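Down below are the structures I want you to see.
Heads up, the next two complexes both have subunit A, just with different partners, subunit B and then subunit C.
Entry: the complex of A and B
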């Protein structure tokens, strides 16, 4: 599968995560729920796509080699795209960081493993605000 | 009860005897001599006494007892009751401590006010066969006691132009807790680098300092040595001797400073910031991280299998 996968359906979701297994699985399940996805398996590519394209929802992992999720957030913190981000990470998030995320406008922070129904519900909720 | 417990004419239990000894020691720090302290404690605990009774009870020669009583009266912590013979009594300890503190404050203030006078008088004196002061000789100074070491640290931190490097175990720096030590470091306007053991129990010593300036000193180095380097010009080296008072050596010996500075930089390069986790925590975190990812993969796979009848090789 190429890094860039378009599937035409209701919502357009960008998944930035270095775990290829997870990105493939999430994109499959989103596709089967009639959404379209773009996958970025590294932070630099994710940031590039994020700045060029428009998305309804962005699933962002935090721990990635090279450019990580924290750096991506730092670079786009003043953009309106920040409100479309769902943090989906396996890392521990300190209370301090949770507070910082909330302060910059991130509404949803999920720690893996997340129940798939919950993830779908959060994606739908975020897209409803737009 | 042993003879030792019958102290200065009053019978104390062992526990109280130790407390009295400690009180006597502390009163020395408030400016009393050992015998002045004995008299004050004795009067406070046993009530009014004549000079003769005090001399006898405390085994202090009578003439000296009169001098001591006179000096304690002047300090304002005992008073005499007219009579034949005169009797003496003390003011309560809380008042006495306040009086002694105020006396010390006044003494310091007097010394400060006399600073200009002594300097102007000094300048009127001619030099007599004085050698050149700007010699390249290495200077050494032995500092004894926490206060004199603290004064030197203040001087070093205030006059630093480039950097202050500190290396040492918390055990050494804990001695400066409740002093202005951390304040001096907070006010350092040049590069500050601290290498210390930084344990969970003892890191309160550095409370209020930027953790970005502190690296963790390896356990193998702890207790070995502690020093503070100012620029590349001065070093204060602590001497650890549990038997004696806290001591340090200050020097501007270039070779001494350069040697310790090289050592500091070598250890600094190899050490990690206290904000970073150690390797075992990292491995543990990476393991947890991977485990969560696997759990996530399982959840998605189960969902897909359940809802869309995915078989091993694809979607039906």
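Entry: the complex of A and C
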């Protein structure tokens, strides 16, 4: 199959981020590109829906009040869903944490603000390996 | 090594022995028994007195000195002395010495205490500064994300509908301003990280040509808009370093070059070559050049090359000091070669193999 068929495939993306402006912007962009989006604006809801449903790609913010991205990762670290996660964060990631993310199987870490075309490219790349 | 006590007893001991011996001699040799007995008794009393005197003097001199020595040892070990108690040593000079030694150590001790407190305070401030920085970094970057996202989205006219030329113009202005703001935030945060020696450096095996290609790709669009010819010229070598940081240095150097090239016929060349155990990267422009005097200052923070000759410029004045900080953290050197009216070339040399990276506390 050519790359084009993959790009046109409809993806279901879960966005876990406490910043509503960001989730709204990304979901608008993804929906315009014919993908489905589920939004979780807090960690608890994000974790709940993440465990319940199936997604092609999960965008995960790290710094969130209450349950943060690190804790979510800790709770699902043995699940196969971890390979579908793209970390999207504005905080600085230390070398040790970068190494930890790699070890548990996270391939993509993006720093905010990220170019939305780059974001889409990474989302399609991750979904291709499934 | 002799002790004062020993010296005193030796001296006065011998003296009193001689006195007593002379008394004894006169007692045996003299014919007058009474006179001899008096001489013997007198010499005995004198020598005994001398011995008692010696004992008294020695106690009054050596005891305070010994005490002073103990206190000095104690002070040099823990920077603390025991409290001064008025003691009567009988010898004025020694008592004075004691009193003043206590005064001195008291002062030194207090200063040391103060310094310790100050140090703790400084560490606390440093910690807060880092916390504040990471919070600011997060808070400043977050709102840029939806702004840039929506700008890009609006520009995708096939998705959100067509814009007329004026709307597109306005959107382009917003876009440029946002990019400038984003770069400014990044510059300030990087400069602060360099100051605090907290710059994150990763070490990966890189191909120098790929790095140059990446930079070329990133800057081609803006060079096109500004009508500047961007050229790349790179040999390919492997280097163990941090691609993102190298790109950041290039980004700053090219942004600078873009400000200085002539409006027509502007040319920027980027590239790299091998030099012994290092790779030298460079950014060459055909701008106004930088005078020798100005070359001494350009790596200083907030320094901006005199604008009188040139076009109005943008930028924080942090760019080159950041470049220098990053290059140093990567164990390299940065320098400039320039001649007024003939353009400027910035070079930075990085070791091919990563040495133990200094400058870093992780």
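As a convention for this text, the second predicted complex is superposed on the first by the 121 of 130 C-alpha atoms of A that agree within 3 Å, B and C clash if a C-alpha of one lies under 4 Å from a C-alpha of the other, contacts with A are read in each partner's own complex, and residues count from 1 in each chain.
Basically, a contact is a pair of C-beta atoms (placed from the backbone, for glycine too) under 8 Å apart; a residue touches a chain by one contact, two chains touch by 3 or more.
Only a predicted model underlies this, so the values are computations on that prediction, with no experimental measurement involved.
J.: Which term applies to subunit B and subunit C once both are placed on subunit A by superposition, clash or fit?
T.: After superposition on subunit A, which the two structures share, subunit B runs into subunit C.
J.: Is A:94 touching the first partner subunit B, the second partner subunit C, both, or neither of them?
T.: The answer is second: A:94 touches subunit C but not subunit B.
J.: By the touch definition at the top of the document, which applies to A:59: first (subunit B), second (subunit C), both, or neither?
T.: So A:59 meets neither subunit B nor subunit C here.
J.: Touch check for A:39: first (subunit B), second (subunit C), both, or neither?
T.: neither
J.: Tell me which partner A:21 touches in the superposition: subunit B (first), subunit C (second), both or neither.
T.: Touch partners of A:21: subunit B and subunit C.
J.: Is it subunit B or subunit C that touches the larger share of residues in subunit A?
T.: Of the two chains, more subunit A residues are contacted by C.
J.: Of the partners subunit B and subunit C, which touch A:126 in the superposed model: first, second, both, neither?
T.: Neither partner.
J.: Which parts of subunit A are touched by subunit B and by subunit C alike?
T.: 19, 21-22, 25-26, 28-29, 32, 63, 90-92, 111-117
J.: Subunit B touches which residues of subunit A in the complex?
T.: Contacts found on subunit A: 19, 21-22, 25-26, 28-29, 32, 63, 90-92, 111-117.
J.: Which residues, counting only subunit C, touch subunit A once they are in their complex?
T.: Of all residues in subunit C, those touching subunit A are 134, 137-138, 141-150, 152-153, 156, 159-160, 182, 200, 202, 362.
J.: Which residues of subunit B touch subunit A in their complex?
T.: Interface residues on the subunit B side: 285, 288-290, 292-293, 295-301, 303-304, 307-308, 315.
J.: What part of subunit A is in contact with subunit C in the complex they form?
T.: Residues in contact with subunit C: 19, 21-22, 24-26, 28-29, 32-33, 63, 90-92, 94-96, 98, 111-117.
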